[in-house]
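Dropping the structures in below, format is structure tokens.
Each of the two complexes below includes chain A, the first together with chain B, the second together with chain C.
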Partner chain A sequence: MKTLFSIALGILAAIGGYVDIGDLVFNTTAGATFGYQLLWAIVLGVGGIIVYAEMCGRVAAVSNRAVFDVVRERLGFAVGLVTLVGAELVSLLTLAAEVGGIALALELLFGHSYQLFIAVAVLGLALVLWAMPFEWIERVFGYGGLCLLVLVPAVFKLHPDWGEVAKGFAPHLETGNVPLYLYYVVGLVGAGMTPYEVYFYSSGGVEEEWTPKDLTTNRLNAIVGYCLGGILSFALLICAGALFLPRGISPELLGSVALVVQSPLGPIGLILMLVGIAFAVSGAAIDTAFSGAYNIAQFFGWEWGKYRHNAGAPRFTIAWIVMLVLAFAIVITGVNPIQVTEFAVIFSVVALPATYLPILLVANDRAYMGQYRNQRLSNLLGIFYLGVIVLVALAAIPLMIITNMGTQ
Partner chain B sequence: MSRIDLALGILDHQLIDSQGRRCGKVDDLELDGLDVKAIVSGRSGWAGRGRLGRLTAWLARGPRAVLVPWDEVRAVDDAVRLRKTAGELRLGRGDDRARQLVERIPGSGL
Partner chain C sequence: MLTLAALALAGCGQSAKKQADDLGSVAAEGALVAHDASEGSTTDNFTRVHGRALRDLAKKVRDQPATPRLGQLAGRIVSDLDELADNPGDERRAGRIQRDLERAAKQANAL
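Right after this comes the complex of A and B.
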């Protein structure tokens, strides 16, 4: 009973923690531009993250290795180093975007200046990372993010054309230009499968000292948590499609993202949505700051992990502090956080293959995994998604250039 | 010790000392014919790992490298486990130096 309870709590945290600034931006803009036509791309992304999160959680539970241990062992020093540099840049860019997102949400909630809230956000994050135990961090921000469930009643109140919604789950294109459509496919898949999620998820498994006994927890967390998290993405896209597309609004500000619930549900809906965004995006900021520290520590073999306490893993601690300082330096220049988000998502897509290939290899290795190695279904899905991310990675930058980051 | 595939089974794996502390990676190996004489961990280990490794070793600061004689290896399982502490083997000195810095901040034991 106790385990069932803790599994349920973990799943709730996973739902609240699913959405980050990348999902908010791409789901809303995709809905506003193409209506419900791109719902299938969310399904594709959710499926991919389930397959690879389950796999790397299993590798962590069985072999005590997190993603960058595996990257280093399988790709060697030189290729591993290139992967590391890419992963660190993408994590930093994502962190900067999330920090900007927190500041925007706070600005909309409380007034005052955006610049002030950037400082508040970074200091608050540093304090939480310094002082809160690992399990708490996950839970507090995951539960706070559940406020985003306000999107679900908002969908029903907006009375979307359900026939059109249903059609969106099959890939098709009725209107609009093809490169832009494909750019959003890349963005939605990329936002769903962002690499920091697997860095953090696998390192978290080691932090919580998972063993093969925790494999059920791992599977349920990945499948149920991410599926239900995906519902938030559906809801966001449907709201944007129902509200913005007919009126020709293109949501270039985070405020317009929050508007999708204000119109159907009024001010209380708006406040819940903004609180949900603040929590969910803060949680993602923590994940990315930690991811940057996990990756470099695992690559060079330093002591790491919140479970070692701050002074017990000193270079790891310094690494996440540096991540926060650099992110602050990026956002405080006044760059548009929405644009930083698009850059972060598109470039993270390019880093995906080198992250996921070593996981797939190790998950199949008898010496690492013994009886827990991949079964046929995991391999079929793993190879399918590897193909998808290679395609998406190749297409990402050309599409970004052709569409001028989704504006043409 | 049973036969281990050196390239996949040892190289780039985690070093863990007798007290369970992570203290570097197997960055390179010193071979004597077909026998492993020692594990190389740290900068000069990277230098043996291609052009990028040389560049990283050149850019990095700190001690050149540490040689861990193969006799100090207790077991090879999900990591390379050592018989002595990191301090005795002169491993993990980067973390030791960084610890002095982190310990100056209040709440470093949290």
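Right after this comes the complex of A and C.
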């Protein structure tokens, strides 16, 4: 049980990062459009986030420094500030989308007004962030999000063509629409390696007062947490490929995501799925609200962290409150939360190199890391994934324009 | 600038082919929702809320159709989805709506 609780941080970071509202719809659309062809892109994203989450968790455990501490030091004030502005914008857009996602999930569950649930979501999040200890936030929302595991039996009930599923794990192209295929590759890899996951994860390591003794816990968190996120993504994509592709359905709504479980498993599956979505999207909202506050506090050298309590880190506390208020102001205008988060995913891809390069540099720094610096395998993987990140970052916006946000 | 350009592109007028594809997708998904409602294997709230969300997608085509036939088809789909959302617990009616929407999906794909 102790081990199970000790990996809650990884599970929350992964659930929040992998199955937020945008990813839920994006994965479903990817499966409905290309069947199982893009499973390999999820594997690529999962591998990348495991490598870098382990690295930034190790840096946090050894040097007690989180990502934006390191970004400012390694990139300097000016470049660091540009990265901060980009990261804050992406976190805010994502938070707004998640608040909308919570309201949509509650509306599908209880049937009352969407606007009412937006207010309920913001007030509920504020209460949780204010009053709930960090460990309990991890446990409640990380493990609550595991209701999404209902996707796994749904996969088996839908009887996909397992030969085709297996083929999907090797990169291959069976479409004439190459730009659209690449758009989804970029989106799936980008969603897997969303920067706020490492902001939250590394800051969480500091919150939990990790030391070099916790390096095994860090590794377990990174591997188990993100593999779980990856399994949920696989399951969603396979369900959509099996249910929607043969019927010519192009899902655009959060309700369509729940439908992939309702059709094979009935009302109990549906309710579990909607509860799982509500927890997962709330987890993503918490990740992004805290990430926004962590980043700005770390960059400017303010006191930060839940462990200091609200009055002990007042500017940090004000920062996440401001994030929540701004998110409420955005989503209450009636903007489509799914479209907002698709923008956020694609634009966050552009901020990826400036987030991951400093982590790689510091993880190699003997002065900081001593005997815990990167070994050869970590560096090989780190450099490989940095190359992937740069390619993905360069391609993201042109592909978004060419494919009209994945609709052509 | 890039965001604004992308948003502007996303909002550009839709071709008849795109509208037909969208209608076919909405009708097929509506048929799936209606099928689950006809078998009692869903919740009333889900059928009501998701049915209305699908109806709103079909309304976009109905209100600005690229061709008159698309407008008529969209109108039928909107009407079916409205009826489904207003009577989520009526299994017999859901069965009929399922068949209507399946036909509409086939017609949209043939356009």
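Assume the second predicted complex is superposed on the first by the 389 of 408 C-alpha atoms of A that agree within 3 Å, B and C clash if a C-alpha of one lies under 4 Å from a C-alpha of the other, contacts with A are read in each partner's own complex, and residues count from 1 in each chain.
Heads up, the rule we're going with is that a contact is a pair of C-beta atoms (placed from the backbone, for glycine too) under 8 Å apart; a residue touches a chain by one contact, two chains touch by 3 or more.
Remember, it's a predicted structure, so these values are computed and weren't measured experimentally.
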| item | value |
| --- | --- |
| Which superposed partner A:130 touches (first chain B, second chain C, both, neither) | first |
| Touched partner set for A:163, first chain B, second chain C, both or neither | neither |
| Which of chain B and chain C A:255 touches, first, second, both or neither | second |
| Partner chain(s) touched by A:343 [first = chain B, second = chain C, both, neither] | second |
| Partner chain in contact with A:304 - chain B first, chain C second, else both or neither | first |
| Chain B versus chain C as contact partner of A:82, first or second or both or neither | first |
| Touching partner for A:263 - first (chain B), second (chain C), both, neither | second |
| Interface residues of chain A shared between complexes with chain B and chain C | none |
| Residue numbers on chain C that touch chain A, as the complex places them | 2-3, 5-6, 9-10, 12, 18, 21-22, 24-25, 28-29, 32-33, 35-36, 41-46, 48-50, 53-54, 57, 105, 109 |
| In the complex with chain A, residue positions of chain B that touch it | 8-9, 11-15, 21-25, 27, 41, 46, 49-53, 56, 78-79, 92, 94-95, 98-99, 101-103, 105, 107-110 |
| Chain A residues touching chain C - in the complex, by the definition given at the top | 107-111, 243-244, 247-253, 255-256, 258-259, 262-263, 266-267, 270-271, 274, 339, 343, 347, 397, 400-401, 404-405, 407-408 |
| List of chain A residues in touch with chain B within their complex | 63-65, 69, 72-73, 76-78, 80-82, 130-131, 299-304, 309-311, 313-315, 317-318, 367-368 |
